[in-house]
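Scroll down for the structure; my scribbles are underneath it.
Labels run A, B and C following the written order; every chain starts at residue 1.
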Amino acid sequence: MSFIIQKIKELGLELPPAPKPVGAYIPAIRTGNLIFTSGILPVIDGKVIYTKEIGGFLNSVSRGYDAAKLCALNALSVINDIAGLDNIERIIKVTGFVNSAPSFNDQPKVINGASELLVSIFGENGKHVRSAVGVNELPLLASVELELIVQVK
Amino acid sequence: MSFIIQKIKELGLELPPAPKPVGAYIPAIRTGNLIFTSGILPVIDGKVIYTKEIGGFLNSVSRGYDAAKLCALNALSVINDIAGLDNIERIIKVTGFVNSAPSFNDQPKVINGASELLVSIFGENGKHVRSAVGVNELPLLASVELELIVQVK
Amino acid sequence: MSFIIQKIKELGLELPPAPKPVGAYIPAIRTGNLIFTSGILPVIDGKVIYTKEIGGFLNSVSRGYDAAKLCALNALSVINDIAGLDNIERIIKVTGFVNSAPSFNDQPKVINGASELLVSIFGENGKHVRSAVGVNELPLLASVELELIVQVK
């Protein structure tokens, strides 16, 4: 069994099925030894689970954190489909867009949901660069959209 | 004649002259076998043709779609200038920022204007990863700003 | 002494200490001959110096320009820490997110603060592709967030 999928289980989590694209694109692509994912939403079974802006009345930071964590799991799933998670050498970059209520400035605490998960799973090789950015609207009303760049063997 | 420019003509379209930068940067750059473009606006002859937010009273999704398509043509034009379109091996990534009215969540349908064009032109090699993101403002009041990463021979 | 740090001094500037990450990530990473930075804020000594939206009552374009310039210096500092500035072969890409007041569309003039600095320092090798994007909120209320991709020897 995959070492990384085992590790995900040990964290009490499960690799979800890779979400299907919501437009005319593919979920992940390899060029050289890098894999780029598409912008990944907090989806389960085709349904966006975390919706609407973070930091307003509806969604606390902790809900945003969970959304980012789900995005990261989904992103790993699309990478698994094209390359196998055990072939990931290092996580290079996370870009996280946070649907942000006016005056909400804790985007880093939200995207930590993805970053901390990646370090939990990949250890030293999970340490990555990151941008966390607030935006006013995201596709399908999602709370978070997340991209990964990883280096593979 | 360029095979790709021929293909663009067969689609009833024309490769526009590459838009000039609107600041202290260059339109496209090659590193290794990747070309990155700058953020490209829906410009013709130096004038932004599609302005203001999508999804409000002014601009329907279909107008956003056309804006994204024009951005993609302009992006191909800047790539043509530095490498020649026939040297594109694969489209790797599209990043599309959509000037979005409050509560507008159909960014994917807008950026399909770019994605579907790229697949029409490049076929299997046009399939790419993509992020579609809503933002509150874009340079020069543009409705869409689009980046491309392509792999060249 | 570093040729580039000397050049920065000749411009009357100083390389600041590299800002510490504000979340579970690292400031810069090398993959192949590219270095990606995280999203860098206009910070001095751990404090965000330029805050709130650009283009409203509080912050003029010229203040945004200064914020972008500080972000670029900070980004060079994090690159210096992992690779040494004299090992930069070329600046590849700048991505600048501008905390934008409603109806503010001069993001390019803001991000010129970073772009013009990079060309002043690196000359021909400082010419890069760029995206300037308006957003409604940024981490820690920052006015600008900036990413760099550079190619190293």
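Here is the rule we go by: a residue touches a chain if its C-beta (ideal position, glycine included) is under 8 Å from a C-beta of that chain, and two chains touch if they have at least 3 such contacts.
Worth saying up front: this structure is predicted, and the values here are computed from it rather than measured.
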Overall pattern in which the protein chains touch one another (line/ring/star/complete/other): complete
Rotation angle (°) superposing Cα atoms of subunit A on subunit B, nearest 5: 120
Centre distance in Å when subunit A and subunit C are each reduced to the mean of their C-alpha atoms: 25
Residues of subunit A touching at least two other chains: 32, 135-136
Parts of subunit B lying in touch with subunit C, wherever the complex brings them together: 21-29, 31-32, 36-39, 95, 97, 135-141, 145, 147
Subunit C-touching residues of subunit A, taken from the complex the two chains share: 32-34, 90, 92-94, 100, 102-109, 111-112, 115-116, 119, 127-136, 149, 151
